[in-house]
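For reference, chains read A, B and C in written order, and residue numbers begin at 1 within each chain.
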Amino acid sequence: MKPYLWSLFKFLAYIAIIVFFLFPILWIFSMSFQTNDTILQKVPSIFFTPTFKNYIGLWEGEISIEGFATMYVFFKQNLINSLILSVFSVLVTLILGVPAAYAFARYKFKGGEDIAFTLLSFRFAPALLIIIPLNLYFTKIGLYDSYFALVWVYQLITLPLLLWIVRGYFEDISVDIENAYRLDGHSWLKSFFYISIPLARPGIAASALLCFIYAWNNFVFALILGSSSIQPVTVGALAFITASAIPYGLIACGIVVSVLPTLILALFIQKYLVQGLSLGAVKG
Amino acid sequence: MKISNRLFPYVLTLPALLVCVGILIPFFTSVYYSLLRYNLKMPYMKGFIWFDNYISIFSDASFWNTIRVSLTYTFFTVIIELVLGLGIALLLAKRNFINNLLGVLLVLPLMIAPALASLIWRLLINPNFGVVNYMLSFVGVTDFRWASHPDSVMFTLIMIDVWVFTPFIMILLLAGLRALPRQPFEAAELDGVPEYYKFFRITLPMLFPYILTACLFRMLESIQQFDIIYALSQGGPGESSMAFQVSAYLQTFQYTNIGKAAAMMVVLWAICYFLCFIFVRQWHKLKEKTRGVS
Amino acid sequence: MSYLQINNLKKSFKDDHVLKDVNISIEKGEFFVVFGPSGSGKTVLLRLISGIMFQDNGNIQMDGKNINQLNPEERDISMAFQNFALYPHMDAFENIASPLRANKSDDETIDKKVKEVSSLLKIEHVLTHMPKELSNGQKQRTSLARSLISKPSVVLLDDPLRNVDAKIRFEMRLELPKILKEFNTTVIYITQDYREAMALGDRIGVLYDGKFNDIEKPRQVYNNPKSLTSAKLFGDPTINNFTTNVQINNGSININIGDEKFIGKNSNQNINGKYIVGIRPEDVQLSNKKSDNSIKVEFRTKTPLNLKIVYLIKFLNGVEMLCSVSENESLSIDENKELFLNIDYSKIHLFDSNNEETIF
C-alpha cells in the first residue's frame, strides 16, 4: 500500500479511536455543567455557559428547577455508601489476603494450590449462583441490607485479585533476605512486617487500588443484597436515571461524580494495570 | 521438625480459607435448590423434584432464547474486541508521546463501572437530546431505535460492551507486543521478509498466549454479563436481550421461582467451567510448544 | 565435648538424598572449612545448622545443649550468604546494625559498634549508601560486618568470596582470618576452591556423597586423601589416575604401563595386583635425557598456565598423563625431541580398584 495512503489511514484510525472511546466521557462531563434548557436544545452545544448548579444540588441534597419546586436528591448517600463499601472491602482484603499471599508464595503445603485455585475460580463463577442463596440466608439471619454482610460478599471479587498479584510480589523477594533478618535475631513476625511487606509494598498498594476500583464498580451484589439505603452509586445512578423529572444535567453530574474516583485511581496504577487485569498471568 | 512450623502456612491462610468455605456453602445451596421445586410465593410446595427443573428449562423456548442471546452477545463482543483491540495495540506499539498518552487515556472506559457505561450511553443515544443521534443525522441515519427496538437492542448492547472492554484487550496485547523479543524480527528484516508475512507468521503466533488469556477472560465475562444489559434494557424489549444472568435475576425476583433460577445458574456455571478447562489445557499445550522459543 | 556437635544429620528433597549421614565435631574458636564439589550439600548443611531449614533426622548440639528445636533467631548463630542478602530498603549502616537492634541495644552503643566493625572491614565510608550503590566487594564486607557485629558464638560463611572479583578475593583471603581472629568466634566456611580451603582452614571437611569423607588438617588432606574422589578434588590439574598391575616387595615398587615398567623405591608392604595408581602432575619429571627408570613418552599438547606449564603426554599403551612443570624447568624441555618421564616414587598414591579407597 502506498505509504501516503497508509499514513492517511492511520490518521483516520487515530481520530476514530479517540472519538469513539474518549468523546462520550468528555460529553458527559460537559453535560454535567448544563441545565435542561441547554441540553434540550435541538442542536447540542459545545459552547455554553457552564453552571455548577448540578454539583451543588448533588452535594446539598436538593435542587431547584425552574417551573417546579425544589427537588430532593438522594444521591449523596449513594456516594457515601460506595466509599464505605469500597474502603472497608479493601481493608478486609488486605488483612485476609496479604498473609495468605505470603503463605502461598513461601510454602508448598498440602491443599495450598487447591485453595488458591478455588479462590481464583470465584472470579469467574456466575455471581448470581452465589448471591441468590445468600440473599435468602441473609434475609433469614437479618444480614440483608447491612454494610457488614456486603463487605464480606465483596471479598468474592477482591480477595482472589489481591491474592494472585501480591503472591507474585512475595515470590520475587529472595527468601535469604528474610532468613538473614531472622538470623540477626528478629522473630518471624518482625521479618514479615519489616522486610516482606515493605519490599512488596508497590504490589500491595497497586492491587489494593485495583481492588478498590473493582469494588467501587460493582453493581449486582449491592443490587440484590441491599436496599437503597446502602446501595452504592452504581445502583443509585440507575435509580436516578429512571426516576421521573430528574434534570438530565443532574444525572450526568451524578454519573461524573460516580466515575471520577476510579478514573483518577486508574491513572495512579497504570503501571500495574496489566498485571492486575490478567491476575498476574501476564507480567506488565 | 516442629509441628507448629508445619501448621504455620495454614494459620496464615486460615481467614482466606474461611472465605472460601463461606462461598462454597451458597454454591452448594444453589445446586441443591436447582433440584427442588421452590417458589417463594408458594413455599408449601417446596420439595425434591430432582432434574425436573433442568428438563423444564431445556424444553422451554425462552431458555433457548436466552442461550441464543448470550451466545450471540459473547460471540460478537469477543470477536470485535479482539480485532479492534489488536488493531489499536498494533497502532500504538511504537513508543512515542501520542501513543503513550493514548495508551493511558484509552484505559479510561475500562475503569468505568459497566452499569454506569450503559447509563452514559443512554444519555448519549436519548431520542430527544442524544448527541449521537444528532451526529448520525448528518450521515442520513434518523430515527435509529437503539435500545427500544428488539432488532437493534443487541447491537446497542454489543456496542457498549465493546466501548468498555476493548481497552482490556488492547492493554494486554500492547504489553505483549512490547515484551516480544527483538531477534526474530531483526532476523526477518535481514531476510527481506514482507510485512504481512512478518505479521501473520511471527507476531501473531508469539502473541498467542496473550490473545488466549484475553479471549478467555472476555468470554467468561460476556457470557455472564449482567450489569450492562440490566442497566440498559433489563432484558427487553420483550425478551430480545434476555441473557443468562438477567433471566435468572428476573426468575428470582419477579417470578420468585428459585428452583428454576438456580438450575439456570448451574448450567451457566457448567458452561464457564468447561470453557476454562479447554482454555487452560490449550494454555499448557502452548507453554510446552513455546518452551524452546526465546 | 566439642563446641558444635553434629550427629547423623540427614536431609532429602523428594528423591534427592542430599545429606545422608553427616557427623562432625567442631572445637570452640576453630576455623572449619566445608569443602566439596558443587551440589554436594554444603549450603544445605549450613542452612540446617543455622536453623532456617529443618533436618529430616539427626542432632545438632551447641555447647552441650541440643538446638534442634530452636528458631534461627534463638540460636546465637549468624550467617553470611553467598548472594549477600542485604536489605535493599535499608542503608549499609542499618543493615549492619540490624542484629544489635534485635537485642535492643541503645542507639549510642549501636553507633559505636557499627563504626568499629565497619572500620575493621574498611567500609565506614559507604555506611550511608544503599545496597544497590555498593560494589560487590563492599556488599560482601557489609554482609560480613552484619554477621560479626553481635559477636555470635558461631559464624557461618557460605562461599563469601565467590561473587567477588579476583583482586578483592585475594585481599580478603589474607584479611579474613585476621578479622575473624579478632572476634574469636567459631567459624564454618564453605568453599569450592581447594586453594582457599587449604589457605584458610584449621581443618577441612570434604563433603561428598552426602557425608564427610575426610576431616583433616589441610596438608593431611592433600597428602593423605582417604579416597580417589578426595584426591581429585585437591589439585589443579587433577591427579592423574589409571588402573594397572602393581607389585611391591622388599622396598621396591613395580608399576606396569603396558610393556614397560616404572621401578622405584617404596617402603610399603607387600602388594601384588590391580590397583588404581594416582600420581599428581607436579610429582613427575620430564626430560629429554633418559635416566634410570624413566620411560619414553610421546608429546601431545603443551598448555601454559600462570607460573607453570602443563604437558599432556602419552605412553606407548595409550594411557595419557598430565605433567605440571615450572616455567623455568620447561625452558630446558624441547618437545620436538624424545621425551622421558620419571615419577617421584615417594609421592605415589595407590587406590583400591573396586571402592577407590586409599591404600597409601
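We adopt the following convention: a contact is a pair of C-beta atoms (placed from the backbone, for glycine too) under 8 Å apart; a residue touches a chain by one contact, two chains touch by 3 or more.
Worth saying up front: this structure is predicted, and the values here are computed from it rather than measured.
Of all chain pairs, the one joined by the greatest number of contacting C-beta pairs is A-B. In terms of the distance between Cα centroids, subunit A is separated most widely from C. One finds 17 Å separating the Cα centroids of subunit A and subunit B. Subunit A and subunit C have centres, each the mean of its CA atoms, that are 59 Å apart. Of all residues in subunit B, only 6, 8-10, 12-13, 15-17, 19-20, 22-27, 29-30, 33, 87-88, 91, 98, 102, 104-116, 119-124, 126, 128-129, 131, 134, 163, 166-168, 171-172, 175-176, 210, 213-214, 217, 220, 224, 226-227, 230-231, 244-245, 248-249, 252-253, 258, 261-262, 265-266, 268-269, 272, 276 touch subunit A in the complex they form. Within the complex formed with subunit A, the residues of subunit C that make contact are 50-52, 71-73, 77-79, 81, 83, 85-89, 98-99, 101-103, 146-147, 150.
Here subunit A touches subunit C in the complex through residues 174, 176-177, 179-188, 195, 198-199, going by the rule given at the top. Considering their complex, residues 10, 13-14, 17-18, 20-22, 24-25, 27-28, 31, 39-41, 43-44, 95-97, 99-100, 102-104, 106-107, 109, 112, 115, 118-119, 121-122, 124-137, 152, 155-156, 159, 163, 213, 216-220, 223-224, 233-235, 237-238, 241, 248, 251-252, 255, 258-259, 262-263, 265-267, 270, 273-274, 277-278, 281-282, 284 of subunit A touch subunit B.
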